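Next up: the structures, one after another.
You will see subunit A twice below: alongside subunit B first, and alongside subunit C after that.
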Partner chain A sequence: MRYWNKFCASQVSKVGRCGLAFALLMSSFGCSRLKDSSEIKAAGNRVGEFKGIFATNRIIVTRLFKAGELKFDLTRYLGGDASLIELLGVYSNIGPLNDFRNGTPNSLNMLLWNMALSGLSKDIAESCGTQQIVIEKFIRIDYNPHFADRLGALCKEPVIDFKNEESLLNFWWAVQGFDAPREEYVAWRDFFMSPQSPYAKASSKEVINAMLKTMFLNPYFLLEH
Partner chain B sequence: MTSYSRRKVLKSGAAIAGGLCLTQNRFALGEPTKEPHFYLQLYYSGGFDSSYLFDARPLSFTAAGKIQNYLGQDPTPWLGSNGQSCLASSLVAPLVPFKDHFSVLNGILAPGRDDGHEQNRNVLFTGNSFGGDSYFPFLNEVLTPRASLDFFVSGTLSVPFSNGTSSISLTSQGVSSFSKLVGNSKDLSSQGQTADFIRSRLQLASNGPGRFSEGVRNMLAGIDESTSVARKFKNLDLQLGPSDSRILKELKAAHKLFVSGITNSLIISDVFNNNNLIDLDTHDGDSASKQPTTYQAIVAEVAEVFSFLKSTVFDEAKGLSLLDVTTVVISSEFNRTNYQQGMAMDKTGTDHNSLSNMMLIGGKGVRGGQVIGATDLDVLDDKGVYQNLSKAHLEFDPELIKRMGKPFDFDTMRPSTGAQEVYSADQYITMASVANTILKMYGCDESKYWSNTRNSGKAKILSGLLT
Partner chain C sequence: MIFSLRNSFWVLAALISFTSCTRSESRIKNTDPEFWAKRAWLEKASRAIRFGDGVSPSEDVDSLMSKSKEQIIDLFMQDKRFIDTVVDFNLFYLGLKDKSFFYTMPDGARTYIGVELSPHAFTAARAVWEGKDYFSIFDMNQPFYLQYGLDSISAEKNPTNKPEREYRLEALNQSLLETDSLLDFIKSAKDHQGADRKVFCEEAGKKLNSISDAIDRSGVPFQIRDRFTGFGFSKQLIFGCFVDPSSLHFEAILKEVLVYKERLFKLKDILDFPGVVTPPKVQNPLEIVAIKDGAFGIPDDDVFFTDQTWVLLPNSSTNYNRKRAAYVLKNYFCDDLTPINVALPSMHTGNKHASDPSCASCHYKMDPMAGFFKNIGIIGNDFENTNVLVFDDGATFKNEALNTYLSAWLAPTEAGRKWNVGYIRSATDSSRNSYGESLRDLVTIIKNSSEVKQCLTKRMTEYFLGKDQVYDTEWVNSLAQRFEQAKANPNTGDSSQAFKEITKSLLLSNTFVRADPEKNQCYDFAPGHENSTLPCEISYLIKKNCVQCHSSNGAAGGLDLSSWKTQGNGETNFSYLDAAGLQHSKKSTFGKLLESLSTADESKLMPLGMFMSPNDRAQIYKWVSREATSISGGRP
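Take a look at the complex of A and B:
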């Protein structure tokens, strides 16, 4: 865990004090205004709901693609029906309140998220050895240099190198950022690096596909927390 | 040494109480019903002006400057099978063939008396002007088999529900697209050890007490159900014709969603035929003057709903139509005022009126053909002065422009005689009463019933409405 600890020591401590002060401030508001649970939910506290299609799309663009990229649209993996977008969580602008709709995970939206993110994972894995993803055969989108480096490192076979945790950790950070706690990384790393891993003898494309899918479908990536 | 903090004591008490409730509920509920029971609600946003539907006033009231009437016709009595009646405008004529299949509820009062669209929409669906839990998941809970989704919304409704597994804003076209899309997809359960790993992380994160863990539990439940949902959508066979009206498309989708087990409850919200924009929020005289056309279109849609449900076979062997197994509710968020103050009666618009609402409720579980509840501002003396007004009305509406629900005797199922001296929400038909009646109809546990106000008991049931 030395890589994780080193990175966190330099980055997290800077925001930690501000975060603590903010949390204390917010908790004092929470204590001073007692509401019943239905009111609190309606007031827009969305912990446990999907971040939503637009926020998730933006996160993916920021972390994976070239700055200012506008072509990437996760819903391309859903057959292009605009009405399905809403099922992945959107803010509505009907009426004076800007409600968030379809934030609660259910069977329908889990099917859609799985479909969209599996499609994206597959296309990224297929792009090994290049600097860009190709979607639907004609949409080409450049990766940002940071992600391209980390993906490129894993694309070099053999992927699963027990001495090379650094490239795995870098790939995790590139996709997950600080969304998930350390335990999630450790479990993910062990799943792919253990001698019993189902991917021990898989090709780099197969491994990267599975690595991305498991990161994208991690609750810390998809849900507000 | 063992210490007993207040938290520990409360937690233990809650656990014991929860256990007792569970035991009690099993006895109270018995076996979940195995009969199909669907719930279909048409929601029109903006606020019904019930004077164009089932709570009209004579033209003499318009002549006396008490209420606008752009239809220019005298209403006629709509006689209920329960001996009660209301005045209905001629626009409701297309509903006469279905009269025995639904009852009219008038004078449904919002206890909070907030006048906003959002607040009253929240009251309609959750009993709380801030929003909250709806009753749809509870209806699904008692049915066997449970549907995959607790409710489904077709249309533009911005849903204030905070509970249940939902699917929102997927119109018939979206349902059709989705069924084609999932036909070619792989669900997570078919993805071997990778899926097992994803599930193991979800399970770990779902163990906490907070809302994030609750969200993760929803993810897990969604994944568990997704294989079955995909199969149901794949076999949906929804055929939408190019010449189908918009409401017919939504009804066809509702039928398929019901019988496939995807949902038992569906709300069709503001889906108007031929893309007509129907404006119920008629603050100005110009839009108010179009109300006869507006309500003619709404009545036509409602008639189409009953016609479709009645003519669609659900179980040929048992001779059941879709209407026989579906409870139907037609609603808006509130009523409208008689006029806008300071405007001439032939140029006036109308404002929000949360002191009364009108609903139609019919189909399975409902004793149709009745008129239940009434509003005041219904008696004028020779000098054009309202008679029999309660102190509550004078307090809430001193301008006398809002028809207010009359106090209601829940034992006799008739408006109470005599004016109330002191206002108490429990003496009126409220949305909580309607919701509790629906919950009772389904056999839901009384702990799920709504209260009129935070500190009051459960709202009374409209027992005479139930079969």
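Take a look at the complex of A and C:
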């Protein structure tokens, strides 16, 4: 029928790429959560499940990009396979009614989430000094001024001003919003502001990449709570 | 803890070892816990009301933060994204939420595919925005929402490059001519008998195809054509030919084709309708063009399900509409068909499954519910008075076979009603049940039942606060009271007000602000709630249905259901003393409880000699069986 076609046609012809090697390394952390998450599913509760690909895409757009931005599509980072959407937590009517599918974290979908969000983190870090992200060389999307400002404040060497955490807090708020409790921020801040941090001597792009990844992969960002 | 977040999961995420290092607390403004908590609430409330959109950096956050939570909710509800949320909730409530609903076209226009699954969800959401009747979600009378415009005419189809409108009109006129030709043919064929009728059917089929081709040429999409002319075209002709040409009834066919021609004539008017020539690019559900109140002569169809939903819930000659019955019970009545043995009346119910106790546990209420659909055949076509029924799988019943099929729903003669069709609350006391015959009757029952309002409220709770979090039933039912009040003021928009007020209560609830709620704990209670030692999932239901006979000062059978505590034997349990005054083990207590709730012997069924609603029973039963299975190694 026409309407299904419309939806499907829009999903094809996406070119993507992925840092598979790194993602594979990362897949190990999926397992550490697997056990308690599947128990949650057994109890049938959406709490502890992914917010889902559509909701997460929306959150990223609101926080990072210009209002009404439509070009941003997180699944571009997944190599252009439309069927992968099904693995990232969606409501689907095909089969049982009202089924939220693949909401429970498992090693496969965590790998996919990780691929997508690592790709995004890297592209944002690469954009330091500009006002827009460049995806796959040709898709350019403007940041909203608020985010551009917060990002810009960190795109300098050295990234971290050990006497002043303001730019860190502002960056956390811009990306993570207020989804996670304050303790999460404190732990994150302390990690990056520690002189013993492996990132203490890294370049600003490396640090920002790591900061973004750790925020995006925080369960408060990805999961219902 | 539902999931342990405190161990800073992100550290693992980066595959870097955590170096603990404590720093002095922040000196920066706005990190005090109260600010953080309200700001987190603001974000969550924004997403809940404004269709997943959090507070955007371009909004005046300071001004929002200075307002009360109530004021913030009111403000957010004036944002058009709230309509999307209501549509989304409605589809969730109706069990039709689908990923494609979220789809935005590359040019920014939204496609509202849900409208083809359920116009009800959209009508009711628009009603909330416009202050009209939210309960229109139950109405069968739904406008036709125009999702698609006319198909474009390719140069290939139109080689002489005629003006588009002229080309379309010619095609539609052609379809009228073809219809005339069919009418003439039917008149002349009236006397055809026997084998001739096969020939008749072949010829008629060709003419039908010509009509349909002409409409296709005009570029009127099938969704519009079907709504104007009715899917069945002429049921008598199509299904008559399909099933048994010898049964063709020419007078009836003539009548149907004449009606069809009339509607086809009206279809020409749509060519000039702005919304169809250039369909507006909609950004929200308010902008979808609705054709209603008989405009263009489109009859107000009775829509219980749409074609798409009928197909999602197909019926077969062996299914007896049970899939649909289960759908209605689950979605409108929150009855998930937990199999609990029921006491059956001694008289025969006329249905084989309903008389075997283990099958009856579901079928006693499912089969009568299925009866509302008894005349519905392929893709939702009503076959009443046609002497034939074609099922979704193509199987066909007529005459004798059809009568046998329908007789599954005949009530026993002593019942005093023709059909055993209805919403069943009690297998033994028919005065508690709501009977009817048609889908219209079902809608009336749905609109009038308190169960439906409680279920709707429960779904709102699940939608806004989380699915399968445990909620105190008394609290949910106290919120549902607001819908009950609105029923008393039909058509005033009070039901929309009720919808908003209940949503507001949910966003102001304790559960909503909990970041990491315990699944089996209740955080909100009805006004006047008395503390109880019982698990909150069932404490209200036990109090309502059992405690009058099973309390500390009148423990029938030695069982006190009014408190839940550590007993002498060290188990957390109800107090339940045997004849010698000794506490029963938890295992034996829960074994008895299970039996008391599900025995088919009415003289032992609890609550003794009293009625308890099937939903209450199912909820207590589910808790009891979960507790019973969790007892392991307990001494009997």
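Keep this in mind: the second predicted complex is superposed on the first by the 177 of 225 C-alpha atoms of A that agree within 3 Å, B and C clash if a C-alpha of one lies under 4 Å from a C-alpha of the other, contacts with A are read in each partner's own complex, and residues count from 1 in each chain.
Note that contacts are C-beta pairs under 8 Å (C-beta built on N, C-alpha and C of every residue); 3 or more make two chains touch, one makes a residue touch a chain.
Just so we're clear, the structure is a prediction, and the values are computed from it rather than from any experiment.
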Original post:
If you stack the two complexes on chain A, which partner ends up touching A:87: first (subunit B), second (subunit C), both, or neither?
Top reply: first
Original post:
If you stack the two complexes on chain A, which partner ends up touching A:79: first (subunit B), second (subunit C), both, or neither?
Top reply: first
Original post:
A:65 contacts which: subunit B (first), subunit C (second), both, neither?
Top reply: neither
Original post:
Who wins on subunit A residues touched, subunit B or subunit C?
Top reply: C
Original post:
With the two structures laid over each other on chain A, which partner does A:172 touch: subunit B (first), subunit C (second), both, or neither?
Top reply: neither
**OP:** Please work out whether A:191 is in contact with subunit B alone, subunit C alone, both, or neither, and reply first, second, both or neither.
**Re:** both
**OP:** Mind working out whether A:104 is in touch with subunit B, subunit C, both or neither, as first, second, both or neither?
**Re:** first
Original post:
First (subunit B), second (subunit C), both or neither: which does A:217 touch?
Top reply: both
**OP:** Touching subunit B in one complex and subunit C in the other: list those residues of subunit A.
**Re:** 36-37, 43, 45, 47-48, 92, 97, 114, 183-184, 187-188, 191, 198, 210, 213-214, 217-220, 223-225
Original post:
Which residues of subunit A touch subunit B in their complex?
Top reply: 36-39, 41-43, 45, 47-49, 78-79, 81, 83-84, 86-87, 92, 94-97, 99, 101-102, 104-111, 114-115, 118, 183-184, 187-188, 191, 198, 210, 213-214, 217-220, 222-225
**OP:** State the interface residues of subunit C toward subunit A in the complex, per the touch definition above.
**Re:** 2-6, 8-16, 18-23, 26, 28, 31, 33, 36, 39-40, 42-44, 47, 52-58, 92, 95-106, 108, 111, 113, 116-117, 147-148, 221, 312, 327, 466-469, 515-517, 519
**OP:** State the interface residues of subunit B toward subunit A in the complex, per the touch definition above.
**Re:** 116-118, 121-122, 126, 128, 130-133, 148-149, 156-160, 162, 164-171, 173-174, 177-178, 180-182, 185-188, 192-194, 197-198, 200-202, 204-205, 210-216, 218-219, 221-226, 228-230, 454
Subject >> subunit A residues touching subunit C - in the complex, by the definition given at the top >> reply: 2-4, 6-7, 10, 25-26, 28-29, 32-33, 36-37, 40, 43-48, 54-55, 58-59, 62-63, 67-68, 70, 85, 90-93, 97-98, 114, 144-147, 165-166, 169, 174, 177-184, 186-191, 193-194, 196-198, 210, 213-215, 217-220, 223-225
